[in-house]
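For reference, chains read A, B and C in written order, and residue numbers begin at 1 within each chain.
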Amino acid sequence: MSLLSVDHLSIGYQTKKGMLKAVDNIRFDLEKGQSLGFVGESGCGKTTIGMALMGLLPENAVILGGHIRFQGEDLASLTETQWQTVRGAKIAMIFQAAMNALNPVMPVNEQIKEAIITHQPDISKTDLADRMKELFDLVDIPARRMKDYPHEYSGGMKQRAIIAMALACDPALIIADEPTTALDVIVQDQILREIKKVQEATRTGLVFISHDIAVVASVCERICVMYAGQIVETGTRKEVFKSPRHPYTRTLLNSYLSLDNLNDIRVPDMKESPDQMIDTDECRFAGSCAYAKGCAGRSPDWIDISPTHKAFCCNPDMIRRGHGKS
Amino acid sequence: MEKADSKSRILVEMKQVTKAYASRKKLFTGSSPQVLALNSIDLSIAKGEVFGLVGQSGSGKTTTGRLLVRLESPTAGEIFFNKTPISQLKGSGLKTYRSRVQMIFQDPYQSLNPHLSIAETVLEPLIVQKIGTPDTRTEKVVHTLDTVGLSPGEAFFNRYPHQLSGGQRQRVAIARAIVLEPQFIVADEPTSMLDATIAIQLFQLLEQIKETFGMTVLFITHNLAAARYMCDRIAVIHDGHIVEVNTADNIIRHPEHPYTKQLIKVQPGFKYTR
Amino acid sequence: MQNKYFWWRFYKGWRIFIENPLGKTGVIILSVFMIMAMASFFVPLIDPMYDPMTGIDPDIKLSTGPGLTHWLGTDNVGRDILAQLLEGAKVAFIVGLSSAFFSIVIGTLIGMIAGYTGGIIDAALMRFADIIMVLPSLVILLILASLFGQFNIWIIVFIIAILRWPAVSRVIRSQTLSLKHRPFIEASRVAGASHVRIVLRHIMPNVLPLAFLYMTFRVTSAILVEASLSFLGFGDPSQVSWGMMLQWVWKSGHMFQAPYWLIPPGLCISLLTLAFYMLGRAMDEVLDPRLRKEGQTG
């Protein structure tokens, strides 16, 4: 049994103009101790997935179909009271710019203690102290800084404290939504290492969300590339980055500036993202795809490249052929 | 580029510039320690050059940019634009200077007035600087919107910032900056909040604008790869000091300062595959 | 060109306003009161006995209940209650809108100046505002009233405005402070805009929603203060108002005998303040595009 298994999940937002399908027929599995990265441009539905896994979807969101099975239990059907025993205890989340989520008038260690006590009301004083020490060790905050107030921490330290808080109840699954987007490169590098180290040490499942492919690549073993609410390619880190197959993944990788690929940057001719109000079975990427010729009127399908590597496209030949470019 | 030649074509020069901020007063001691955002830096940018300023958060990049567009004044030292000192400019002299230098801000969600339509936003600098007649101004706005890739310009006229995507907003901010046809633009991390696919298109737009208008650009970023892609020369700034200046390629290939080396090391890339 | 945008925005704003359920309800209630206020000009023309102040029905010496000639009845000297109610609506509008308007104008200006300039000017203005703010307005009014006797209605308006601007200016100042360093303000500085232009063109539209919100709240409180003063007997005795009507009910000992006399002014006070509150909320959505729901702006 997988730790997390998401099956044909679709989520819409009710808006004045109609239903906006933010997540469309998504499926993926996550085993214990594994890390799975979601990458895609702004608005492709990454946060929506994360919020669904936490039971924190906004009021106007509707789960249109599908299942989220976590340790065998279907999360999509939980009531709010049932959620409260899961959220924070079994599944924890690190939000974007979460450092602003710390209470400014409460010492950091008190806030983490509170997180523990909420889910383990009868924990003993000594156990609590041990656990606190363990947590601060894990995220590399020196013990003498435990009792500081959030404003005495740097941005990076605050984000570490948030990680400690997420780990407080020993969750089986952590969801990290853009945990480093508000930080600078040097601190980002430290935090990514931290997350990876902690995840490997605790054997927690990790769902890692970012719009920055390189960041996802540095943390996750498996990657899902999303476009307009759908997963368009999934595979191991190596497969996706060394031999991307879906035209969108290639566009994404081609336009990513890194220090060693300057000469073969290709500026994509991206159109506006497709209108997610329109429900269609056709490929959402067709408007910006160089191979879109025969694709109108057809619906894309999953094409296997390897047992772990798949792409969602109408053009199996092109996908299987690959283009060797990373 | 020959030394003497480059000297003669210098557009912007900072000499021994220091900027200190009084940080918040300590509640009980009453002392107000200073934050040295910039510590006696020297910098010169040649006409037509794209000059990169790279460093981590808090290193003083934005402060440099703000000094150059006169949003701040230096605590010590002097800044020259076309060999004229600018830090004492006032009144009409300052206003003229402001038609020559412009800035693009980091956060496209904060840098546009939510109450002004796109047309009003781009029109604003022309009105402030009293350039043209109402009719020629409108024409100019349409033309500028076209230039930044918001075409047809008329279609965006009556839209408001909240109706645009982040990338489109940043294009509006660029339009607002270039509508006065300035000689010098400070771009402060213009794409750090945007997706890679959108960022690269904006880079290309900036490059193309720079070519057509012959502008000089100070490109501020913490992303070395972006700096290398955009810039002719790069300066690395650390804790208010410029630690290294060199051509873009040399900085990356032959970094000299340890801090530069560390920056290069932490740049995200896809080298993580084991 | 500028004009076209203005009208376009005005039209859009009005559409959003009227589509908002709160706004719609507020406008409906308010229009009823407006019609009442208008009607107050015409009623005395029908018959001098319908004059709210001086019109006494020669046939009636006591307070009477609703009837054909006096739809809501009369007071104890035979004056028509409906006519007084209509007059009261007019007075409430005058008192509420004018005192709110003055305190908003003063408060917004002072708030923007304090927030934008900062430093000593800011500190001085805000200390001054603090001093005024802690003065309890009703008590002050009562003291003044007991010193100078009963008040003319314009003096009440004026005093309320003077006492109420600090709350507005505090809110506007903190809003201005948070706006002052926003990149879009700095962008206009970089473009060479003068301070006056920045304040009027960039800061004011952003604080105006708040000012209006406050204005409508102030309308509420001004109407209430005027009503309380009048009820307590410090109002302008030559001027009918809802509070004054209540005072008359009380003074003539009809509090528990004449519900037809007591209830209408009380109900009107509540309904009108409620309407202004609803309008405030709706107004906020019109003036702040970020609050607009998607799809309404097109």
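Everything that follows uses one rule, which is that a residue touches a chain if its C-beta (ideal position, glycine included) is under 8 Å from a C-beta of that chain, and two chains touch if they have at least 3 such contacts.
Here the structure is a predicted model, which means the values were calculated and not measured.
**Student:** If we define chain centres by averaging CA atoms, which chain lands farthest from chain C? Would you check?
**Tutor:** Following the centroid criterion, the farthest chain would be A.
**Student:** Tell me the chain pair with the top count of C-beta pairs in contact.
**Tutor:** A-B
**Student:** Could you state the distance in Å from the CA-based centre of chain A to that of chain B?
**Tutor:** Here chain A and chain B have centroids separated by 32 Å.
**Student:** In whole angstrom, how far does the Cα centroid of chain B sit from the Cα centroid of chain C?
**Tutor:** The separation of the two C-alpha centroids amounts to 48 Å.
**Student:** Taking each chain's centre as its mean C-alpha position, how far apart are chain A and chain C in Å?
**Tutor:** For chain A versus chain C, the centre distance works out to 51 Å.
**Student:** Could you please specify the touching residues of chain B with respect to chain C in the complex?
**Tutor:** On the chain B side, the touching residues are 69-71, 94-95, 98-99, 101-103, 105-107, 110-117, 119-120, 124-125, 128-129, 134, 138, 158, 160, 162-163, 173, 176, 180.
**Student:** Please name which positions on chain B make contact with chain A in the complex.
**Tutor:** That would be residues 56-58, 165-166, 194-201, 204, 222-226, 228-229, 252, 262-264, 266-273 of chain B.
**Student:** Can you name the residues of chain A that touch chain B in the complex?
**Tutor:** 41-43, 155, 183-189, 211-215, 217-218, 237-238, 241-242, 251-253, 255-260, 262, 265, 267-268, 270, 272-273, 326
**Student:** Residues of chain C touching chain B in their complex?
**Tutor:** 1-2, 5, 8, 182-184, 186-194, 197, 201-202, 205-206, 288-290, 292, 297
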